[in-house]
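Common to both upcoming complexes is chain A, partnered first by chain B, then by chain C.
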Partner chain A sequence: MKKVYARPAYCMNCHLCEVNCIVAHSRSHDVFRAYKRENLRGTGRVIVEEKLPLSVAVQCRHCTDPACVAGCISGAMVKDPATGIVYCQEDKCVGCWTCVASCPFGAIRPGEKNGRPLPLKCDLCREEGEPACVAGCPNRALVFEERRAGA
Partner chain B sequence: MPTLSLMPPEFSVLRDENKCIKCLACARQCGFDAQKYDAEDDRLYTIDANCVNCQRCVSICPVGALTIYKNPPPMRPNAYWSEGHLRNIIKQAETGGVLLTGMGNDQPFPSYFDRLLLNASQVTNPSIDPLREPMELRTYLGSRTEPVTLQEGQDEKTRTPLVPLETPIMFSAMSYGSISHEAFESLARAAKEFGTMFNTGEGGLPEDLYQYADHAVVQVASGRFGVHTGYLNAGRIIEIKIGQGAKPGIGGHLPGEKINAAVSATRMIPEGTDALSPAPHHDIYSIEDLKQLVFTLKEATRYQKPVSVKVSAVHNVAAIASGIARAGADIITVDGFRGGTGAAPTMIRDHVGIPIELAIAAVDQRLREEGIRNQVSLVAAGGFRSSADVVKAIALGADAVYIGTAALIALGCHLCQKCYTGKCSWGIATQDPYKTRRLNPEIGAERLYNLLRGWSHEIKEMLGGMGINSIESLRGNRLHLRGVGLNEVELKLLGVKHAGEAI
Partner chain C sequence: MNYVLIGNSVAAVNAVAGIREYDREGDITIVSAENYYAYGRPLISYWLEQRVHEKDLPYRPETFFAQNKVRVLLGRRAVRLDPEARQVFLDDGESLPYDRLLLATGGRPLVPPINGLTPENHYTFMTYDDVRRLEKAASPGREAVILGAGPTGLKAMESLVRRGVKVTLVELADRIWAPALDPGAADLVTGFLQDRGVNIYLNDTLEGVRQGDNGRLDLELKSGRRLAADILVVAIGVRPNVELLQDLPGVTINRGVAVGPDLSTGLPGVYAAGDVVAGNPPLLPHAAIQGKIAGRNMAGGRETYKPVLPYNALGILGLHIISIGLSAAGEGYEILREADPAARVYRMLVLQDNRLVGGLLINRIDRAGIYRYLIEEGIEVTSFKDRLLQPDFGLLSLPDNLWQQQLAK
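On to the complex of A and B.
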C-alpha cells in the first residue's frame, strides 16, 4: 500500500505538516477556524520529532499486523482490508488508550472530540488522495508512495 | 564595559495576532535569533535588532501573519549623509573593524543596461516567430581557428576543443564552503540538465559531485584549494581566477567555522582553519607568468580543456584582456563591479571596479582591433538581472554570460546581504546542518532549470523580433543597440548610436 515516508535529509523542522494535518482533520477545513474556534492546536496526527539538527515527521505506519488493532479492547481500531489503512471507528472507542500504549512507534496520542476521549492517529486523510501533510510539505521531505515490504 | 549602543534596529517585525496560530514555524526558521518563543507565557515575540529582513519567517508563515517594515532613518534624513553612511560610522565606532558585506554592489551607480534599447524588424525585413521557426542559442566557448588566407602554411597552434552551451548563460563561480553542498549540487544538476556549465569557484569539487564534472568549470584560484590532477581533468573548462568583480584586487577569507569535515576534505586543508586566498597569485606577477600557468594547466590536461582567465572589470581591462589572449587563454571572463560575493569589505565592493557593459565593449573592441578576437571567447559576469541584460551584453560583444545572484535568488536568496555571517536562513550561504537541509537540491535544480528555460525563451523572442535566428548573428552586433540619455563619451565607449539615429 501507499504510505507516507519521511526523508529526514530534507526535513527542516518547520512543523507545517502538523498545521496541514490539523486543518485537514478540522470540521471547518479552515486554518483560522481550526486554530481559533475549534481550538485544535497541538492535535496533529503527525508529530515532528526533533533531535536537532535532525528532525523527522512521524505518523502511523499502518503496519501489516498492527499491535493497536490486536490490543483494542472494544474492536474500534481496525485495519481496512481493502485499503490497508488503520483507523479508529469513533463510535465504538471507549478511550482506554490501549492503542496508545501498544503502538511501537509512539504514533498514537490521546485526544478528544466533543468532550469524548478519542485517539489521535493518522488515517492517511482517507478520502482525499494525497495526505495533507505530504501535499503541504514545503521541502518535499514527505512522500506518499508504494514501497516494497520492509523498505 | 558595554556602553549604550547607538545602532537602532533597521527593521521591525510586525505580527498580526489575529492571524497568528502560534505554530512556531517563524521561531524555528529564523536564522538570526530575531523570532523567539516564550513557552512559559505561550508568547511569540521578536528581537527587532537581530532581524536582517531575509524574509524567511514571512515566507514560511502558513497564515501570512508577518510583515517586516524598514524603520525610518535613525537620524535626520540628509541627502549627503545617507542612512548607510551613518550606520557604517556607528558600527565602526562601536567595533573598530573593517565593514563587511555580502552580495553585489548595491549603490545607485548608473546601469548602462538600463540606458540601452534593442531593435526590432518592421516592414523591410521580417521578424521571426521562435515558436514556429528554429532558433539557435547554442554557443561554443574556446579558441577558434585563424581566418583562412591565401598564404601557404598551416595553422599549427594546438587548440583545445570548443565547449558547447545550449544557452549562453552559465552559473557563476560560487565555491563549496561559501555556499552549502545543497546549493552547489542544485547548480550542478541544473547545469547538466540544461546543457550549460556551472563554476566550482575556488573551493574544489566535492567527491560525490564528480558525476556533474562534465558540466563544471573548475577554478584554480590563488589559494589553490582543492586543486589536483583529478580535479583538473574531470572538469570541462579550467579557469584561473585572478580577480572577482565584487572585490577586485583583494583575496578571499573563508572563516574556519565554515570549514567542516566535508569542506575540509574537498579543499584539502585542515578542519576548522581559515581558508585564506592571497590577493595575487604569488606565481603570477606578469603576463609571462600567467602564460606559464596557462600552459602548465594545458599540459596537465593534454590540451583537452580550454583555459579561462577570470579578471575583474578594472580601468585597464582591455589591455589586460589583450595580454590574457596572448598568454594563450581560450576564454576571458570579465566580472563587473555589480558582481556578488559571499564576503567582501564594504568599501571595496561599493567603490572598486567599472561597469561590465563598458568592460565588454572595451575588451571586444580592443581584441577586434588587434585581430585576436577569434583566439578567445569573452564571457561577461556581474549583475545580470534579466534575459534583456544578457541580450544586451551579447550585442555588445560577449559570447556568454555568468549569472550568480540571479541563480541564488532562484534558489531562495532574498538579498539580505548577510552571507558573510554564515547564518543564511535559506540554507544557501551556510554550513549549519540545521539550515542547509532547507534547500532540497531536487527543488533547487528545478527552479534553476526553470529560470534558464524562461530566459532562453525570452532571448529567442528578442532575437526573432530583430529578425535574427541565431545568437551568433547577434554577437558583437552593436547596430541592434541604441543608447538613451547617454553622453558622447559613453556612446563612443559602448560603440552604439543614440536612439533616434539611423544606420
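On to the complex of A and C.
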C-alpha cells in the first residue's frame, strides 16, 4: 500500500507537516481557525522528532498486523481491509490508551477533543486524497508512495 | 471446510477475520454462551458509569458477521466434544460437525469457597450481564466492598465511585495490583485513590459473609476486621473454561489448554486461543493476536504465535497507568526511575543485562510503545540508556540503524 515515508536528509525541522496535519483534521480546514478557535494546537498526528541537526517526521506505519488494532478494547481502532489504512473510529474510543502502549513506533499519542479521548494517529488523510503532510512539505522530506514491503 | 468456533468474544471474532484471509467460502459457525454479539469486555465498566451506551458495546458492527458469512448461535453452550467423530454437541442436543474447531471459551471469574458466600450475595465483574445486575444495586450513597485490587477490581472500583458508591478495596497482597505496580507506584496510586475517598485494606482477605437483618452484608475479614456493605464484588482472578476438552486423551490441561506454537491443541483440527490457553495472560491484545493466528492456521496458514509479554493500559479516575512486562520487578534488576509526586507522575524502567524487561508509566505515557518494542525485541540499550527517560525520548533516541529500520516499515 502507499504510505508516507520520511527522508530525514531533506527535513529542515520546519514542523509544517504538523501544522498541515492539524488543519487537515480540523473542522474549519483553516489554519487560523484551527489554532485560535478550535484550539487544536499540539494535536498533530505526525511528530517531528529532533536530534539536531537531525530531524524526522514520525507517523503510523499502517502495519500489516497492527498491534494497536489487536489491543483496542472497544473495537474503535480498525484496519480498513480495502485500503490498508489503520484508523480510529473516534466516537467509539474510550481512551484506555492500550494503543499507545501497543505501537512499536510510538506513533499514537493520547489526545483529547471536546472532553472526549482522541488517539492522535495518522489516518493518511483517508478522506482527503494525498496526505496533507506530504502535500505541504516544502522540501519533499515526506513522500507518499508504494514501496516493496521491508524496503 | 466447516469451521466451528466455541466462544464469541475477541479471540473468536479475530479468528473469523483470520479464516477469511485464507478461505472466503467455508462455513463458519460461532457458538456463544452469552446472548450478545461480541462486545469488548473491558467496556463493561464504562457502560456501568454510562460513559459508553449499549449501542457502542459491540466489538464489531453486526454487519461483520453477515459480511463474513458467519452463523452465530446465541445463548447456546457446547457441552461435549467427540474428537473422533469431529462433532461438538450443544446444550439443546444439537450436534455440529466440524473440520476445524476453535476453543475460544475464555475464562470465568475465580470465586473461592468463602463461608456464607452465595451467588446471590456477591457480584463478579466480567460480563455485560454482571454489570446489568450490578447496576440495579449501585445507587449513590451505598457501600461496596471489592475483593481484589487487580485491574478488574480497580475498574469495578472506578465505575462504582463514579456512580456515587462508597468503595472499600480488600487486597490479599501487601500492595494493590502487585503483579504490575512496584511498591513506589502502588503507594502513589493508593494515595490517589484514598484522596478520592476509597478505603483500601491490604494484607487481608474475606473469610465470612453474613446477611444482616437489615438486608446489608456483614463481612468478616481474616484480620478480624468487620465491614458492613450493600454490595460485594469478587475480582480476584479468572479461571480458564477448559471443560470441553477436559479428560480427552491427547490434550494437556495445565490450568488452561496447552497449545503448540501454531495454537493447535493436539486433537485433530482443534485449536485454542485467548484466555483459555495455558500460560496466556488473560488480556485482550493477546486474545486478539492468538485468535487471528489460530484462524489463519485453521484455514491453511502456517503461522507461529510468538508469546507477547503481558501489557496493560488502565485508566482509573483520571490516572493513566501503562505496565509492560516485568513492571513490578525490583531486587536483582537495574532500575531507572523518575517520579513527580505532585503531578502523580511515575516512570520506571526495569533492565536486566542492559536490556529492558519491564516498564511502568503513570500519567506520562507518551511513546510508551517504543519501550514495549525494545522489550519485545530484546534490544541492548547500553548506548542510549541515559536517554530512555528523557522528556524527548523517541525513535531518534535509538541507534541510527534501528530508527531507520522502523521508519522504513
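Please note the rule applied: the second predicted complex is superposed on the first by the 151 of 151 C-alpha atoms of A that agree within 3 Å, B and C clash if a C-alpha of one lies under 4 Å from a C-alpha of the other, contacts with A are read in each partner's own complex, and residues count from 1 in each chain.
Quick note on the criterion: a residue touches a chain if its C-beta (ideal position, glycine included) is under 8 Å from a C-beta of that chain, and two chains touch if they have at least 3 such contacts.
A quick note: this is a predicted structure, and the numbers were derived from the prediction, not measured.
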item: Side-by-side fit of chain B and chain C on chain A, or clash; value: fit
item: Partner chain in contact with A:118 - chain B first, chain C second, else both or neither; value: neither
item: Which superposed partner A:49 touches (first chain B, second chain C, both, neither); value: second
item: Chain B versus chain C as contact partner of A:106, first or second or both or neither; value: second
item: Vertex chain A, arms to chain B and chain C (CA centres, degrees, nearest 10); value: 150
item: Touching partner for A:9 - first (chain B), second (chain C), both, neither; value: first
item: Which of chain B and chain C A:65 touches, first, second, both or neither; value: second
item: First, second, both or neither for A:143, with chain B first and chain C second; value: neither
item: First (chain B), second (chain C), both or neither touched by A:74; value: second
item: In the superposition, chain B vs chain C on chain A residues touched; value: C
item: Three-chain overlay, closest Cα atoms of chain B and chain C, distance in Å; value: 14
item: Overlapping contact positions on chain A, where the chain C interface meets the chain B interface; value: none
item: Residues of chain C defined as touching chain A within the complex; value: 14, 40-43, 46, 51-52, 56, 58-60, 284-285, 288-289, 292, 311-315, 320, 322, 324, 365-370, 372-373, 376, 392, 394-397, 403, 406-409
item: Interfacial residue positions of chain B with respect to chain A in the complex; value: 19, 21-25, 28-29, 60, 62-63, 427, 432-435, 437-438, 440, 442-443
item: Chain B partner contacts - residues on chain A that touch it in the complex; value: 9-16, 18-20, 31-32, 35-36, 41, 52-53, 138-141
item: Interfacial residue positions of chain A with respect to chain C in the complex; value: 5-6, 47, 49-51, 54, 56, 58, 61, 63, 65, 67, 69-75, 91-92, 94-98, 100-110, 147, 150-151
